[in-house]
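As structure tokens, the structure follows; a few thoughts come after it.
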Amino acid sequence: MSLREISRVTGSRKIAENTFESTLHAPQIASLVKAGQFINILPSGDWPKVMRRPMSVSGTEGDNLSIIYKVVGTGTEQMYSWAEGDEVDIIGPLGNYWADFSKTPIIIGGGVGIAPIFFLHNTLQSNNIEHYMIMGSRTANEHFLEHDLPAKVLMTTDDGTYGIHGNVVAAVDTIAENLDLSDTKLFVCGPAPMMEAMKDYALAKNIECDIALETVMACGIGICQGCSMEYVPKESKESSYREKYGLVCMDGPIFKAKEIKTCYL
Amino acid sequence: MSLREISRVTGSRKIAENTFESTLHAPQIASLVKAGQFINILPSGDWPKVMRRPMSVSGTEGDNLSIIYKVVGTGTEQMYSWAEGDEVDIIGPLGNYWADFSKTPIIIGGGVGIAPIFFLHNTLQSNNIEHYMIMGSRTANEHFLEHDLPAKVLMTTDDGTYGIHGNVVAAVDTIAENLDLSDTKLFVCGPAPMMEAMKDYALAKNIECDIALETVMACGIGICQGCSMEYVPKESKESSYREKYGLVCMDGPIFKAKEIKTCYL
Amino acid sequence: MLKVKLGDITFASPITVASGTYGYGNEVEGLAEVNRLGGIVTKSVTRHPREGNPLPRITETPSGMLNSIGLANVGVEMYCKEKLPFLNELKTQVIVNIAGSSMGDYLETMDMLEEADGNHIGYEINISCPNVKEGGMEFGVSCEMTEKLTKEMRRRTSKLLIMKLSPNVTSITEIGLAAQDGGADAVSAINTVVGMGIDVEKRCVKLHTVFGGLSGPAIKPIALANVHKLYKVLSIPIMGLGGIASAEDVLEFILAGAHMVQIGTTNYINPNIGVDILQELEAYCTENGLKNILELKGQLNS
Amino acid sequence: MLKVKLGDITFASPITVASGTYGYGNEVEGLAEVNRLGGIVTKSVTRHPREGNPLPRITETPSGMLNSIGLANVGVEMYCKEKLPFLNELKTQVIVNIAGSSMGDYLETMDMLEEADGNHIGYEINISCPNVKEGGMEFGVSCEMTEKLTKEMRRRTSKLLIMKLSPNVTSITEIGLAAQDGGADAVSAINTVVGMGIDVEKRCVKLHTVFGGLSGPAIKPIALANVHKLYKVLSIPIMGLGGIASAEDVLEFILAGAHMVQIGTTNYINPNIGVDILQELEAYCTENGLKNILELKGQLNS
């Protein structure tokens, strides 16, 4: 069950080009939220739009939770101008979460899709689960370089300005060479083309793969039916309610790669 | 002719309960504007409404002009949060201005209607024109007490917490006792009930009286025809374009009391 | 102070929530005090389950949103099995919204609901969904069809019968009169306004179905106009909706002639908006010495 | 890159300004570069001067405004005497908007304009003003009346003839087809949407006329839907308008099928918006390798 909490901004900082991390004091939601889940944010008190803005939780620390976002429009601009102590109305935790770490996790984030991957990384670490982490971005200054990360972390840039030159698929391939693929599982979140590429890769190589999708959301709680994704057609041809289309906010945001028709929503 | 100028906020301060004065660096408009005229303000860069916000100019100092406003809604809230150096898109000077000071002026302002009266006061002072000034408000803390004013200034409060107990009509009556009414002229701006009362008073006593009206404005330049006021019917019964209704933005904001059907717009 | 009657039914307040914006009441658990609302109108239920339209289905617009959900819903059988038990537990009044593509659809759905063991006190009939080819719009734009459907339904139920009207017509009052003549207890107005959005970057439509329904504060002036027009000609009460986001908005609708109101899109921002509003309305009544909020109904000074 | 033709007339760009939101071009002196626009559509001109509706006449709404100006204007005689000389000096194309209450009104006004020494290249006929009892709406909601009026006007002028359509109808395409059959060179869509506002404090309507016309970004989705519907059935071009506030909005209208556009309410915020937009569009064409902006017309990917 999700709840609504009036949180308080405890801090904000720039972590990469046009990318920010804000922390919110939200004891109830922070105590419930699991890696992969998201919150739905009312960016300001006099918010002129009709939808909240969904954001993955990137981590928790005691009573605080954090989010990582790119400034792309009105909502994220408002977040960017949050001052310490501001009240922010949030609903959460929402959606499903990363689960089943029995196979070796390779966790892969691109762009701001890194947020739920960071959270996952920390969850795995505190549970002493060995894993690989790959962070992709287009260019060096989009990377959150100062984040203090342990070994088994690969960074890629499309333009080669930092880390491995190329995209995350290439990086996964590198790691995968030394691994038993049937005992490996991919956890992916990032821009649609990256997720689509990872999906194709996972299907081709027959690797288990969970992908966190993103789409526009009005309610975030399964009411409006606006956040639909399309499933790969099921055996049973009966086309009925929520057999053909899933709801990213409720049935997701995390779906199995083999269930997803397309990551472009 | 009016023009559009990207002004810069040079300062803001609270001058009374919920009432603020802001100064804008706007060399072109400041050099043209006369007491009684107004500017039309785009409160912010991403202004979500479809109309600018008209504000009387309360004074000029070199390249700067000032406005006085009460925070009542979205637009004035934005103004209230202007920071020094912010750019503000304004159009002006707009409308007609206070003129003809051949009779002894009694200038009367109520509430934020004081803005164009302040400007008039300064204009008269710098032209060494003797005049009386009356400032009315509901209660003491709505008065701009720290404004440094010369003699012949009367302050009233409806509740008697400062100055003369009562409304501005009573104050005018006091002054008028010692004056030749036929050689006196009233200049009025304030809330509708006050203006209506002054209008009735002026008509009853047959005193010349100019009143600055206020209404909602879309364009401010005579195009939308939305800012209409109604004239007292003219002799000539031909009812035609702008005979029956005047435009506050173009034909006003200042009208002769005897022309105005009602100050409630 | 807020108590209102519609037909024989008493509602604790005129504040209800609109179809499609509140699910079946269970989704908001923990986020809203459902039982404090005057009532809830369920998501449209159809004869058979519907998977809904292909995506994308929603997009934001200035002060509003477009949707083309396509009546995705569990269907009436599953509704009776899965949704009804929860709804039966509610202490607020439940109105079931029915949609269909043909007269048979509508009537069968109603028959099944009449037979089911539901505590719902009435039906709202969606004859105005602009988002599916057979969303009932052929009913909503035709006086004859509206009257006929209303009559058939009236014969089948003694529960409240409310016809939900479309603003996408030349004359909403004609359709409203047809519903009244058919025996409806009330009409609700308005459903969404037909609109469209285009993604300039991708050079494609923003909704897969091209056209969708516009809702939210942007349409409030349109909704008020329709409610007021209906108020001037109908003798049955009106449930007003379209863009309500505050207690002041509710008062606008009541002054325009609405007997009750529904809150739609704003639930997405604030699932408890209905309760927030009714608290404000209580305070308003006290401050203004109103024994009942409906003393204001249609009371526009001139 | 922005040059477009309508009939025989070449416009420097498809960007024009809407009737009632730009006066007669002289009011914006010093605030806008009128001559850089593709064209201007004048405030509606009627046979006789009109004082307009009683006040209040305008009010803001979420992302829009309501107006009930009531076609206040100088009348055609004064227009020819006072406004025409200035308009004749302009280097931008002038379209005169005509409104009326009867067939006679419309035709007489046109006759007088045809005889006057004006450089205007065409007429836009307002058969869709929702704000006066006799604002031409009886024409705008009827196919027969629309076709008849169009025919009569077509006989009288070889200048551009553009019929301005109302969105307040069940089927705008039927009216559009009637205009086309009557011989119109183009249609413009949309005029304002009927709406209403209520002042809760004073418990009265916000417009003296009760109902008014909604304009501004709030109606953009509605306008786009109407333009696209017309585009799919008409063979004559469409001038698209309703809520345009940016270059992106213009591209939306062109992608939806508009041949030209008009900017209305946004002129109030920024009298030079048309010029700002056409500069952005030029840049857009360059960046996207378009020889002409109309290469995008109706080009929606699926």
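Going in written order, the chains are labelled A, B, C and D, and every chain counts its residues from 1.
Please note the rule applied: a residue touches a chain if its C-beta (ideal position, glycine included) is under 8 Å from a C-beta of that chain, and two chains touch if they have at least 3 such contacts.
It should be emphasised that the depicted structure is a prediction, and the values quoted were computed from it without experimental measurement.
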Maximum centroid distance from subunit A, chain identifier (CA atoms): B
Centre-to-centre distance between subunit D and subunit C (centres being mean Cα positions), rounded to whole Å: 34
Whole-Å gap between the CA centroids of subunit A and subunit B: 55
Separation of subunit A from subunit D, taking each centre as the mean of its C-alpha atoms, in whole Å: 47
Shared interface positions of subunit B, touching two or more other chains: 48
Multi-chain contact sites of subunit C, meaning residues that touch two or more partners: 62-64, 216-217
Overall pattern in which the protein chains touch one another (line/ring/star/complete/other): ring
Every chain pair meeting the contact rule: A-B, A-C, B-D, C-D
Partner subunit D, residues of subunit B touching it in the complex: 1-4, 42, 47-52, 89, 91, 215-216, 218-230, 239-245, 265
Sites on subunit B touched by subunit A in the complex: 46, 48, 74
Residues of subunit C defined as touching subunit A within the complex: 20-23, 27-31, 43, 48-52, 54-60, 63-65, 67, 69, 72-75, 78, 215-217, 265-272
Subunit D contact footprint on subunit C (complex, rising order): 61-64, 66, 141, 168-170, 193-198, 200, 202-205, 210-211, 214, 216-222, 224-225, 228, 243, 248, 251-252, 255-256, 296, 299-302
